[in-house]
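Look at the two complexes coming up: subunit A is in both, with subunit B in one and subunit C in the other.
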Partner chain A sequence: MSEIFSSELTMSKNGFLFDHGSGLTYTLNATGQFIFHLLESGKKSTHILEKLITEFDVTEDTARKDLDDFYRQLKELGLIEQ
Partner chain B sequence: MRLNVAVTGLHAADNPAPGIGVIRCLHHPEKWEGRIIGLAYDALDTGIYDEGLLDHAYLIPYPNSGSQALLDRLLYIHEQQHIDVIIPTLDSELPVFQKLEQVLRDNGIATFIPPKPVTDLISKANLAELCEAENIPFPETKVIKDPGEVTEAVEEIGFPLMIKGIYYEAYTCNNHSDVQQYFEKLRLKWGLPIILQKKIESEEFDVCCVCDENSDLLGAVPIRKTRLTDKGKAWAAVTLKNKQLLELSARILKQIGWTGPCEVEILKNTRTGDYNLIEINPRFPAWIYLCTGADQNLPRLVVELALGEKPVPLEPAKSGICFVRHAIDLVCPLDYIENLTTLGELHFSEGEEQQDKG
Partner chain C sequence: MEKKSYVKPTIVRHSIGVMNKYGRPPATVPMSRLAGFDVKELVAQYGSPLYVLSVNQLRQQYQNLFRAFSTRYPGTRVAYSYKTNYLKAICSILHSEGAWAEVVSGFEYDIARDLDMPGDKIIFNGPYKTREELTRAFTEGAMVNLDNYDEIQVCEGLADEMGKKLPVGVRVNMDLNNPPWHKFGFNIEAGHAYEAVKRIQTGGKLDVTGLHIHVGTYVDDVNIYAAAARGLVSFYTYIKEQLGVRLKYWDMGGGYASHNTLNWAWQSAEYTCPTVDQYAEVICPILLNGPFGSGDVPKLFIEPGRALVDEPISMITTVVAQKRLPGGKRGVIVDAGMNVLSSVQWYNYNFQTVQDSGVTVEDTILYGGLCMNIDVLRQSAALPPVRRGEHLVIPHVGAYNISQSWQFIYLRPAVIAVDDGKIHVIKSRETRDYVQKMEQVPDEFQTYRTVNRK
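Coming up: the complex of A and B.
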């Protein structure tokens, strides 16, 4: 598990995310699943941003907005350290 | 070794007793080799009719009939079936089993239950004091023994707060009018004392634990309840991997000298992230069968401990295992109920004597 997460998280192939510490579950969309996989494998934000741009064929602004939004939600849910 | 285990708490209706879950654990992963004897308080205790769970069912007197009445009945059943171990599963019967523990052991019947002085410490009336003395994190609490103490206690704690009956029931109070209303309701129903407790914004977790005679934690299954009935009982839950829950449970149980099974209820303050003890139930929870999915068979562990064995601590419980409670109708012939009502016993298998002859 990547050190970025505050407890052990596992995601199914359908994007169903389970927090082993709290028992809470979340459903991730395709972009969320893509970012989660990269975070899980320890990739940095700059790398994730580049991958988002090429994988989803979007502008840097769009990709950055999506990534920031994903980080914000993870923080609000207490899934990554503040 | 074939062992005969007797289990109480067979009524699994809208507020299910833990006995059926305990018995299903004993039958896991393969059917229990010895006999399972169900000890029921009523001929309509539901679990009696769940085919294949019990070899024998016997009615026993309610705990308020006194320890002698229960002892006489248990010794009668022992003569018939030779009971090796009894697992009591209800809060209300624990005092009488604690009283009978030694005499049962002298008669060859083992139990593995917490001692009375320890269960007295964790009663709702005493838990706050215990936690303060032992430095166990606990929400701010006032135990009200006289109605005149309410106003001052409410001022100290502030709103919102929880008001709890000494045995059952709890309500949220957001103002003085709520306090007045629920205080009277609880006082009339359960008497004094009544507990006032700071309500903290929190998530609730439960840990089913088993400690050995040295109060060391041998097995523990932490869960989050994911669905509750309107009585606040779990009908769905998931197992967790949570170090803080396990460490806090182990520390508390060691400090207070626990032995046997229990359910530790813990709140996590959603603002500060702190974990607070909220209650310890001195028995297995009704959701105990979930522990088999998490690879920790806690009732089988209790049987080993009752027999004086020295089991090693179990591997950590597997997380991400769920249960969903499901009510079904059981169908049986009328003579099952007739036998229990008129004779106080019902036999699905041959008795000890017949089996030995066979």
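Coming up: the complex of A and C.
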């Protein structure tokens, strides 16, 4: 899966996200921010999954399901394309 | 390396409604324990969904209500409105606290008698009472409040049969709310109530010794009770003068609100729900100004239902799935349906997470688990991310949901009572045997079985 940001996005330190293209704003929770930064720097989903389970107290199964859900959210919001 | 604590990742688009000038929606404080027990363990042991009663809280609700009224109107009696939740354990707890029984059918009357409530501690209301039920009620000394002329006639017949004058209460209504509650009893403004009392007194077979009004349910405007109390006082004054009626009791009915937010309310019940003291404070002084001296003060009855049992019962549910709706809104499906939470038609229930899911919330529609489009438990709730298998606790579900539940598609949940750290099952989870016990299938309908066997 390759994620490409569909528009120009800026995120503040506390997870406030501004989309310069649409003017819409979002909030990401801590885990969401973590994943977002990795996506931003062009990391692949397999790498992101690995990072999650090594850095966070979470099982691979849960992390995989949650990531799946999170990507779907981002796609639904038009923030990534697949 | 110490790992960072993890919450499910989420992103939420800012929109009107999630945060507004009144601040955030109610904070989603995780509710990992219920009445002192771990929610996950309760589910592991008793299944999900599950109703959980805090016995302590139920006793406190009763004591508080009784105190509020009896300190302001000596001799007040609380008659628990059975229909709100007639699980025998719940009625028993309230009876041990001193509650009488308010019943609206022979079925409920029998429950009260089974629990050893004597007839003279039972108030018999409702628009539909059979002749047999009325006979039993009069014989056992119950207070019977009459709803219509057909009932008056039946009771006059019974008085003849029993060879004595029977004491009765008359249920009245007034134009107090919008829409007005005109279904029950006789209307005062239209003169129907006066006509009815006059008709009863001149008939000579019955004697009006009580007046009853029930102004509605979830009435959070204490002024409506004030108007009802003033109406009762002036009506009593008039029928006393004109017809010589002497009341032994008056009954203000139920309707006192509980801490649940109605789904058309724009403010949470935390701000709008009056305290029981506020209700008592408007009702009691007005009634005590009635047309009587110290020797003939009518007894005051109140018939609370939801104000007693709503708050002490919570429901534990489990998330079974979530999805995105075409508009982008999140949908969460839980394992309880509106068949076991029928009050979702009135209330915006709170759905509390059990595990810590962070503070980022998203506007969510909560669906019940029934395969039925109208099974929506809440149109819009601010929920943090949740996963399949996690639990949501819904507080304050004790009124009407259990007695009005209907069996549909799934088996209905168990009800447990937590009392001083001890758990009692007060209603077991339904079984298929129990549900189908009254059914029969004639052999003629089963010919396909032999066909199949060939």
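Simple rule for what comes next: the second predicted complex is superposed on the first by the 78 of 82 C-alpha atoms of A that agree within 3 Å, B and C clash if a C-alpha of one lies under 4 Å from a C-alpha of the other, contacts with A are read in each partner's own complex, and residues count from 1 in each chain.
Just so we're on the same page, a contact is a pair of C-beta atoms (placed from the backbone, for glycine too) under 8 Å apart; a residue touches a chain by one contact, two chains touch by 3 or more.
Every value quoted in this text rests on a predicted model; they were computed, and no experiment measured them.
*Asks:* So if we stack both complexes on subunit A, do subunit B and subunit C clash, or do they fit?
*Replies:* Aligned through their shared chain, the two binders fit side by side on subunit A.
*Asks:* With the two structures laid over each other on chain A, which partner does A:Q73 touch: subunit B (first), subunit C (second), both, or neither?
*Replies:* second
*Asks:* Where does A:H20 make contact in the superposed view: on subunit B (first), on subunit C (second), on both, or on neither?
*Replies:* first
*Asks:* Tell me which partner A:E50 touches in the superposition: subunit B (first), subunit C (second), both or neither.
*Replies:* neither
*Asks:* Taking the superposition on A as described, I'd like to know which of subunit B and subunit C A:E81 touches: first, second, both or neither.
*Replies:* neither
*Asks:* In the overlaid three-chain picture, which partner chain does A:N29 touch, first (subunit B) or second (subunit C), both, or neither?
*Replies:* second
*Asks:* Quick one: name whichever of subunit B and subunit C touches more residues of subunit A.
*Replies:* With both complexes superposed on chain A, more residues of subunit A are touched by C.
*Asks:* Would you please give the vertex angle at the Cα centre of subunit A, with arms pointing to the Cα centres of subunit B and subunit C, as a multiple of 10°?
*Replies:* Here the answer is 90 degrees.
*Asks:* Could you tell me if A:E60 is touching subunit B, subunit C, both of them or neither one (first, second, both, neither)?
*Replies:* neither
*Asks:* Tell me which partner A:T10 touches in the superposition: subunit B (first), subunit C (second), both or neither.
*Replies:* Only subunit B is touched by A:T10; subunit C is not.
*Asks:* Considering the aligned complexes, could you tell me the closest Cα pair distance between subunit B and subunit C in angstrom?
*Replies:* 9
*Asks:* Which positions of subunit A sit in both the subunit B and the subunit C interface?
*Replies:* After superposing on chain A, subunit A residues 24 contact both subunit B and subunit C.
*Asks:* Can you name the residues of subunit B that touch subunit A in the complex?
*Replies:* 203, 205, 223-224, 226, 237-242, 268, 319-320
*Asks:* How about subunit A: which of its residues touch subunit C in the complex?
*Replies:* Contact set of subunit A toward subunit C: 15, 17, 24-32, 34-36, 52, 55-58, 62, 65-67, 69-70, 72-74, 76-77, 79.
*Asks:* For the complex, which residues does subunit C have touching subunit A?
*Replies:* Answer in residue numbers: 3-14, 322, 324, 328, 358-360, 385, 387.
*Asks:* Residue numbers of subunit A touching subunit B in their complex, please.
*Replies:* Residue list for subunit A touching subunit B: 7-8, 10, 18, 20-24.
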